[in-house]
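Can you keep this structure in mind? I'll have questions shortly.
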Amino acid sequence: MTTVSLQSLNAADKAQFVAALGDIYEHAPWVAEAVCGRRPFATLAALHDAMAAAVRAAPADQRLALIKGHPDLAGKAARTNAMTSESKSEQASAGLDRLSEAELKEFHRLNNAYRDKFAMPFIVCVRRHSKDSILREFARRLQNHAAAETKAALGEILRIGALRLDQRVEAADRLKVHGRLSTHVLDTHAGHPAAGVAIELLELARHGEPRLIASATTNLDGRSDQPLIGGRPIPIGRYELRFHVGDYFTGRGAAQSDPPFLDVVPVQFAVAEPEGHYHVPLLVTPWSYSTYRGS
Amino acid sequence: MTTVSLQSLNAADKAQFVAALGDIYEHAPWVAEAVCGRRPFATLAALHDAMAAAVRAAPADQRLALIKGHPDLAGKAARTNAMTSESKSEQASAGLDRLSEAELKEFHRLNNAYRDKFAMPFIVCVRRHSKDSILREFARRLQNHAAAETKAALGEILRIGALRLDQRVEAADRLKVHGRLSTHVLDTHAGHPAAGVAIELLELARHGEPRLIASATTNLDGRSDQPLIGGRPIPIGRYELRFHVGDYFTGRGAAQSDPPFLDVVPVQFAVAEPEGHYHVPLLVTPWSYSTYRGS
Amino acid sequence: MTTVSLQSLNAADKAQFVAALGDIYEHAPWVAEAVCGRRPFATLAALHDAMAAAVRAAPADQRLALIKGHPDLAGKAARTNAMTSESKSEQASAGLDRLSEAELKEFHRLNNAYRDKFAMPFIVCVRRHSKDSILREFARRLQNHAAAETKAALGEILRIGALRLDQRVEAADRLKVHGRLSTHVLDTHAGHPAAGVAIELLELARHGEPRLIASATTNLDGRSDQPLIGGRPIPIGRYELRFHVGDYFTGRGAAQSDPPFLDVVPVQFAVAEPEGHYHVPLLVTPWSYSTYRGS
Amino acid sequence: MTTVSLQSLNAADKAQFVAALGDIYEHAPWVAEAVCGRRPFATLAALHDAMAAAVRAAPADQRLALIKGHPDLAGKAARTNAMTSESKSEQASAGLDRLSEAELKEFHRLNNAYRDKFAMPFIVCVRRHSKDSILREFARRLQNHAAAETKAALGEILRIGALRLDQRVEAADRLKVHGRLSTHVLDTHAGHPAAGVAIELLELARHGEPRLIASATTNLDGRSDQPLIGGRPIPIGRYELRFHVGDYFTGRGAAQSDPPFLDVVPVQFAVAEPEGHYHVPLLVTPWSYSTYRGS
């Protein structure tokens, strides 16, 4: 993905500006055009707010066209490779490009039911979701009235636009679209941070195997050098952290049973706020552990 | 399995006595014969001690014959249905009757290596073991010297005999061959035991799926009415307890995120002492939990 | 205190029966007289229920006389040694016999305010209370209307009667007037119960020094051989448990800092249900601990 | 205390330089004189290292004179107000200016015993100590041989010098003479940091009342805005944190018993490394809590 600086956007001519931001809203370069004359933008947030305001201020039929310009999730456009590259990579982020046959059928069924009821595609900001939570949203929103659903679709479009803009433009500020998932291992047997503990983060799914999405080894402060997830939303979904504490305590020569009472400690939890900070620490001895949503 | 009371054993004639206990030691009714004249036995422990002493006091060649009378683990006798019913149910308890092809090959390889080195079958009290720990024992004992290994084999035979006797004979006392695995769920959000929590206990294996071995729902005291494992050894191995706390807190109307931060809490641990008491409690709120080896 | 068996009460003549139970209700042998003819009582609970029913069924003026027969708390009868021996030992149990000058004045003030408003003495089952909670009850009940307060006073009289009866009569059953306070120390550094830990239980007061009410050393199961409080109500109030874990870990040779990070661990908590079971365990390493209301 | 910048020290003439740093080492302006010609010093650490090297390189009799130039702890110079202002404020920091009669006698006894054995005053960097730990050090070092004790005294003098220098000179760097004591309150009942919890930190003493040394209220992240102790060593000693969690949960409307099971939670711990980071968090619900040495 090519990025562009806020500074150069402020200095660009109109054609360049629209070329750079024309796909922030799907098939809707008119949004970029509408804000071009408002430059310069002091911050990325100001640029985003202007674009969002332009969307909200557009006539109803233009807003509806914007909605209808979006592809189905795991739909025909995806299968025939007819999506914008943005949509393609977004749908892939939630695993929609590798669904099982049963899941494809379920999406097909929901897409049809949704189009039958609302005459538009189901839109959700997939970077904030896992496969399971998309299906849950789908089922939930199918119950909406048309007016509420049009509003919901526009809300999701603004979220998609904000995420695309945040990734596209280099600026001193960032949009508030980032979550953070971090951990911390404290060795309460020895009274200090546990260094050198291997950790894996897996995304769980109702159906199908857990998917490894990050691994790390704790540093001297018992933390991973980087957050396990950062700089992007944490998809709503269920996760498992695996802490390899058996190897850690063996390496330290701590007295353990054979086999060790604790070996790999799994901690499963769900993320409900993609922009939230989830800190999930482990306090551990060879015989006990605690975990909690920390801060 | 037919059981018999200690009282009736004390009153039986010799033929009946030997018929009842002749298979406590594999293909070795002479053990029962040897102790028949020592009756009456005041306790089951006294009967066991007498039989064990008879084994230990037997001439070396008779002890060796006793060892050699045992079938291979997952060996030819098992495949051709030529084992005693005792051996058959013991091997099944550790899952040796449902090995994968790869596992069968591994047992075959180890059986051969063992017979080549020691000229006798590998004997282990399988009711105290899982598949994984048998393989670990196998590899470990292959390193032994012959004398140490003969001693180890006899030790296992005495353990097998004790377990068979404990199951066969009704008496006021029990032999010390039982472990206990229990749990306890405390709702530290509300400050009382968590009643109505669904719990599952699974046996884990290095290869293959977890196997459900017990399920329970906590009672008003936050415990299962019966120990999850009791009245028998706990096979050396790795286990997972699954606590369905999301449903519990939803049922109590506790404030949770959507989806709930905690839903099913998995706790994995290993058992190293089959006759030990493993108490593995959970202290839990919708946002935190602790577990430990308790008592 | 002399005790008497339920059996002998059932067999006694009326004079003996009334002599034995005449002071269960303060200066009101008519309660015992009223139930004498209902004998035999199968259980202590049945005897208690009969006596309580007799109190409730008495004419209003007799019930009022019963109320008025009680001494003030820390009042003139106490100072002049004019109380029944039952009242005397009850008031001493809550420390009313060793009040400071300021506290005596406070009781004096409240007694007068209460008598001015309700024309009767303030009655509370002091064995269920500490000094602090009596003062709190006193202030709270002073706000009552007369009818509610008469009902409250009778309720307390029935509690006093139940406790006296439970202590006086030997029977197979006990009345539900007992609480229990227990603890348990688990060494999560070593993975087993902590044996040999010195423990003290102190009663805390808003004013004045903590008062030692029990001490114990944990047994092999990490518990005290006897509950710290049992066989009686736990007075409503605040308590501190002190666990001498520094000495324990030093004795076990566990690595600690110098001075040890943890030495005496204080745990403060309040009891609100005198007949409840308060289990307050400690899970501890040289560097961490947890405590909670358990079961 | 007047401070001076490293920059101006580098620019000063010799007389000014020695005037500014002449009392970093007690009655020993020769240390400042010795390093004056080494200027400019790029960092405070470089200045400190040079001064420490000058002390170590001085002839034995000069080093001994330096040692002998120090006042007794709580000794005659203190009583007659004859100490340098630096020594005076240092001794006050550990409470040596407000000893009880018994403690004064104990110091008198130890000072005499020490002078009798070593013919010099007992020197310890009191800002790293509490009264109790000074007495412990005193008793321990009285057992030393003369050579070891001379070395120990010089080591303490260097620590005193480093602390005085760190406080006197403004520079971009700081010396490694600071510890930090912090806390963090996590509400595991609600799953977020506990804001608005009143906290007190007290220094405990073997004899005498606890002394309040810091109080704070937790901010939105559950922490105090400033470390409870920072920018200086944490005196070796025992401490108590008091967390007012009863008021906090009452303010949040959490269900509690009456009186609340937990009200003020005391956590007692010892500091052994004055330059260490002690993080002592509390994870708390109305019915449970955990604490540990964190990081």
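Here the chain labels run A, B, C and D in written order, and each chain numbers its own residues starting at 1.
Here is the rule we go by: a contact is a pair of C-beta atoms (placed from the backbone, for glycine too) under 8 Å apart; a residue touches a chain by one contact, two chains touch by 3 or more.
Just so it is clear, the model here is predicted, and its values are computed rather than measured.
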item: Numbering shared by both copies at the chain C-chain A contact, with half separating same from different; value: same
item: Inter-centroid spacing, chain C versus chain B (mean Cα positions, whole Å); value: 48
item: Rounded Å distance, chain A centre to chain C centre (Cα mean); value: 58
item: Residue list for chain A, restricted to those that touch at least two other chains; value: 188, 191, 257, 261, 283, 287-288, 290, 292-293
item: Chain contact graph, described as a line, ring, star, complete graph or other shape; value: complete
item: Parts of chain D lying in touch with chain A, wherever the complex brings them together; value: 186, 188, 191-193, 221-222, 283, 290, 292-295
item: Touch list for chain B against partner chain A, complex; value: 133, 236, 238, 257-266, 268-270, 272-273, 287-293
item: Contacting residues of chain D [partner chain B, same complex]; value: 188-191, 255, 257, 261, 283, 285-288, 290
